[in-house]
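One chain, chain A, links the two complexes that follow: it is found with chain B in the first and with chain C in the second.
Now for the complex of A and B:
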């Protein structure tokens, strides 16, 4: 009965508040009483909403910036018991809001399809993910000068742990090295140098390069660490390559994530990246023990993604796309902006905040926002 | 497992739907704006591609919001 009444308010009161009403409403409540509660709630909610013209961006900047001054500059944190190094604190926050393309510690959290599996299985999957050079899988490298061949004896156990077939190693070596012919005979791989000429030198050079060729795992993942959270295993990695990981069969593609915002934008889309900005920023702030209202961070994330791609809060990002010359000049590198604008013959319409502060005019925020309605028609406000 | 299945169900991705023609008109009328004033999403975005949207379409995004429970956001598909 009361549910029908509540539904009438679905457009004017947010869902989370209505849920609370549903939860706390006594079963015996009369219709009139429910109506009264909802009316009161609506009034209260309307009063709580931010006023038109309120400069929310400024409030957000202050709210994030002030507690930010208290953050430690200690960047080297270790994620719990894990031995993975993660950038946290102020440097990470700057990284997030600046929209850096290359972050200092990319990492992934890989969830498994079967999270309650045995240690062996997790280790096996982890081995498959880790990027492994040939030197880690080989027992010995021998140079056979007479045949111009390098003989690589593989370590059977290491190969098994990496979960890879010898044929695949041969294939990767063939594509990874130039001017060679790769064959194998059981556990021994023969790399024959085909190019004529200075063979001996070439042979040794190939031997050294072959050691570094990545023959197994996913490119970019330098470290893997299975972590047990509660009953379930999660694999944390240093280095990130979400796209390749999502192709694997053993992992939960709905939960696996990276902390690289640009990569997320590319693989999972803009909205996922926006959500990640919020999650990552909140995570940093929480680990520092700072309590910042999530709305400020949501606003920052929305602003960063409004143009369809991720733009950092920097002079190249969202400030660079402002239409006003003076506003751009006021942020950083003023002379550069003014000269460039003069060259292009840009016009400043003076309809934002900072340029009006400069020329000592009322700013269009708060009570400065509405124009006069009594002006003559045809002559703008 | 179907390919790109995760684009529909990944926990980071909110639900994207194409807004019908009438709904678009209503939306623009409610806020008294034109399409270009909406936030953008690029046509090359993976989720947009997956839905097969064209430039100029409007995407309705239903986010889970920690403050409002559910919130809807609109983006116009832009060139790029």
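Now for the complex of A and C:
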């Protein structure tokens, strides 16, 4: 009965609030009472909304900027556990809001399909993820000059821990090195240099390069660290490659995340990137002990992503997109903007805040927003 | 093999670094090689670094041999008699200078009692680790280093008697404290450095108490009666100068009372203090903008016509007047010639400064604060014996800063006052707190320094005992009289037509970028416009081409530089700074067209 009434309000009140009404409504509430509750809720909701002409952008900027001055400048922080180094604090915040393509410490948090598995299983998965060069799996490298081959003796235990088969190593070495022929006899790999006439000269060079060939793991992941959070095992990594990690069977694809916003945008899409901007910025501010309302950060994240791609809050990003010549010129590199505007014959409509402060006119915000519109009624009246 | 470097240059290798270093040190002490040498063996990198360069900071220490200092009683006796000097001790290797590098290899004892076999040196005195200025801070070993440091900085800003011949000097920005005293609690370094010759504070009675809310947030309350009796009075001197400059063509400035014909003549009233020689007479009570030295200059640019005009009216007025907002008495006048042989006049103005609300005071422990209120003596709290504090200090300034030395000085000062002696407050060797307490008790007071106080306004007894004692207080050189400044309208800068900046130019306080943001955030658009109105102008703009037009006052019409006289002109209000921007854009060949539109 009351459900019909509630349905009338679907476009006026957000669903989450209506759900709460449904949940808490007594079963025998009268129709008039339900109506009264909903009316009251609508009124409250309307009151809580930002009013027209409220200067949300500036308030958001000041609300993030002012506590930012109190942030400590210690850049590196160990992300909760030893060994893994994460950029936090002001540098990280700048990185997020500037929309940097290459962040200083990319990292992932990899959640597992079976979070309550044993330590051995976790280490095994972690081993599979970590990018491992041949040198870490080998016991010894020996050069056989007579055959122009390099004999690599593999470390059985290490190979097992990396969760890889010898055949795969051979395959990867074959593709990773040029002009060689790779074979294996159980645990010993033979790398034969094939380039004629040059075998001996290149032998030592190949030996050194083969040490650095990545034979197992995921590209870009330089460090892995299984951590127990509550009952769950999570693998933290230094270096990020979300696309490849999501392909693994053992991984919980819903929870696994990276801190690289551009990578997230590429793999999961723009909405995910927007959410990541919010999460990462909030995380930084929280570790600094600053309490900033999420809405300010949401607004910043929205402005960064409205265009369908990630644009930083820089003179190349969203500030460069401003329509007003004067506003752009007052931010950075004024001469560049003015000359460019003169070449194109740009027109400044003077309908934003900065321009109007410059020419000393009322800013179109708050009390300066409403204009007077009168109808001319004949002449001379 | 250990590598040896002299001043970071590799010179060779030695077999046994330990004995090599011992040999160098022994020879240095025996004066067979220079005393300037310092060596260090770095076991980690297996290197010996020998330093001889100039500019190293070195510290004298007493040499220890086999756990016994080489400096013995007989040396001290001889020193006292004047038979030997410091140089003799250094030469004899009893005292040696160690630099920062060699210090790494040393184990230095603070006190002779601490000496063991391992020690290599002994400090001459434990407070040698403090600087000259810092070692004047009393009881500084009972205080955080940051506070002691702050106390030292306060001492450097304190008013006092900076030099005894101040009366015949022409220093700029000088303050003198009127009745400076020697502190009751003083340190050994105070005597060594002869601080008595330029004292810088006064011993006063301080009660630690919250009183009527006027001493919150580090403020202090001062007893007006104490001020009447001479507490914290100071004198401020400022010299004014004028010079008879010579210009090309044999023209010269003239120091005299300016003629009424002179360009820029002020008013007769402004020149009323001048003697016939154009210089203000001694002891004249002068006020802001009064002329101290009357002067006229020849005209700036001599055009052909000027030479034929009648009289001397082409001369300009260029007198030296008292600074805006300052007053005082003419104290001292000097008339001389400077290096160029020009007549040079200096007039010193003296101004008495009584402590007022906002003046800065400090104890010697970094506990600085401003005057929050001056109470008449009748309104100040008093003790049973009738003692009235000179200063009331807030108890909230103590816990977070932990300046225990401040509290100890209060007790020590009380003991010193009552027993009529100075208290030794040298760091690490001051009179022990326990002894001070016992002495205070024997003098008939509560041993912790607290007393029963009565409210000066109501006469009621305070429910708790109040900590009260004697302390050395400093008046710092930051006084309200030098800094107070306000403006309604006043001078503007020529270029932007905006108000000038800074006190000296009678400027305004800028409503800056961040303050602007607060107006925007509140949506107070029209208030913001009003605030930025200081340079608003009305510019005639051509409707046709959007260029700024100009006014032909003679024919009373507007002319557009492009469209001529016939163009339709409209008046537009804008900030002068923006008009300037448009002009500057034109100068870089950008055409800023203004498109006019009806406002409604």
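Throughout what follows, the second predicted complex is superposed on the first by the 326 of 381 C-alpha atoms of A that agree within 3 Å, B and C clash if a C-alpha of one lies under 4 Å from a C-alpha of the other, contacts with A are read in each partner's own complex, and residues count from 1 in each chain.
Everything that follows uses one rule, which is that contacts are C-beta pairs under 8 Å (C-beta built on N, C-alpha and C of every residue); 3 or more make two chains touch, one makes a residue touch a chain.
Since we're looking at a predicted model, the values are computed, not measured.
In the superposition on chain A, A:275 makes contact with chain B only, not with chain C.
When the shared chain is aligned, no partner comes close enough to touch A:319: not chain B, not chain C.
Contacts of A:16 after superposition on the shared chain: chain B is touched, whereas chain C is not. Using the contact criterion defined above for the overlaid structures, shared-chain residue A:347 touches chain C, although it does not reach chain B. In the superposition on chain A, contact is made by A:55 with chain C only, not with chain B.
In the overlay built on the shared chain, the residue A:368 is in contact with chain C alone; chain B does not reach it. Legend: residue contacts after superposition of the two complexes on their common chain; A:213 is shown touching neither chain B nor chain C. Once chain A of one complex is fitted onto chain A of the other, the partner contacts of A:358 are limited to chain C, with no touch recorded for chain B. Chain C makes touch with chain A in their complex at residues 516-517, 520-526, 528-529, 532-533, 535-536, 573-575, 577-578, 581, 585, 588-591, 595, 600. Contacts from chain A toward chain B in the complex involve residues 14-19, 246, 249, 253-255, 257, 264, 266-272, 275-276, 294-295, 298, 302, 305-309. Chain B contributes residues 1, 5-7, 9-14, 16, 39-42, 45-48, 61, 63, 65-71, 75, 78, 80 to its touches with chain A in the complex.
Residue ranges on chain A touching chain C, taken from their complex, read 53-55, 58-59, 62, 335, 338-339, 342, 347, 353, 357-369, 371-374.
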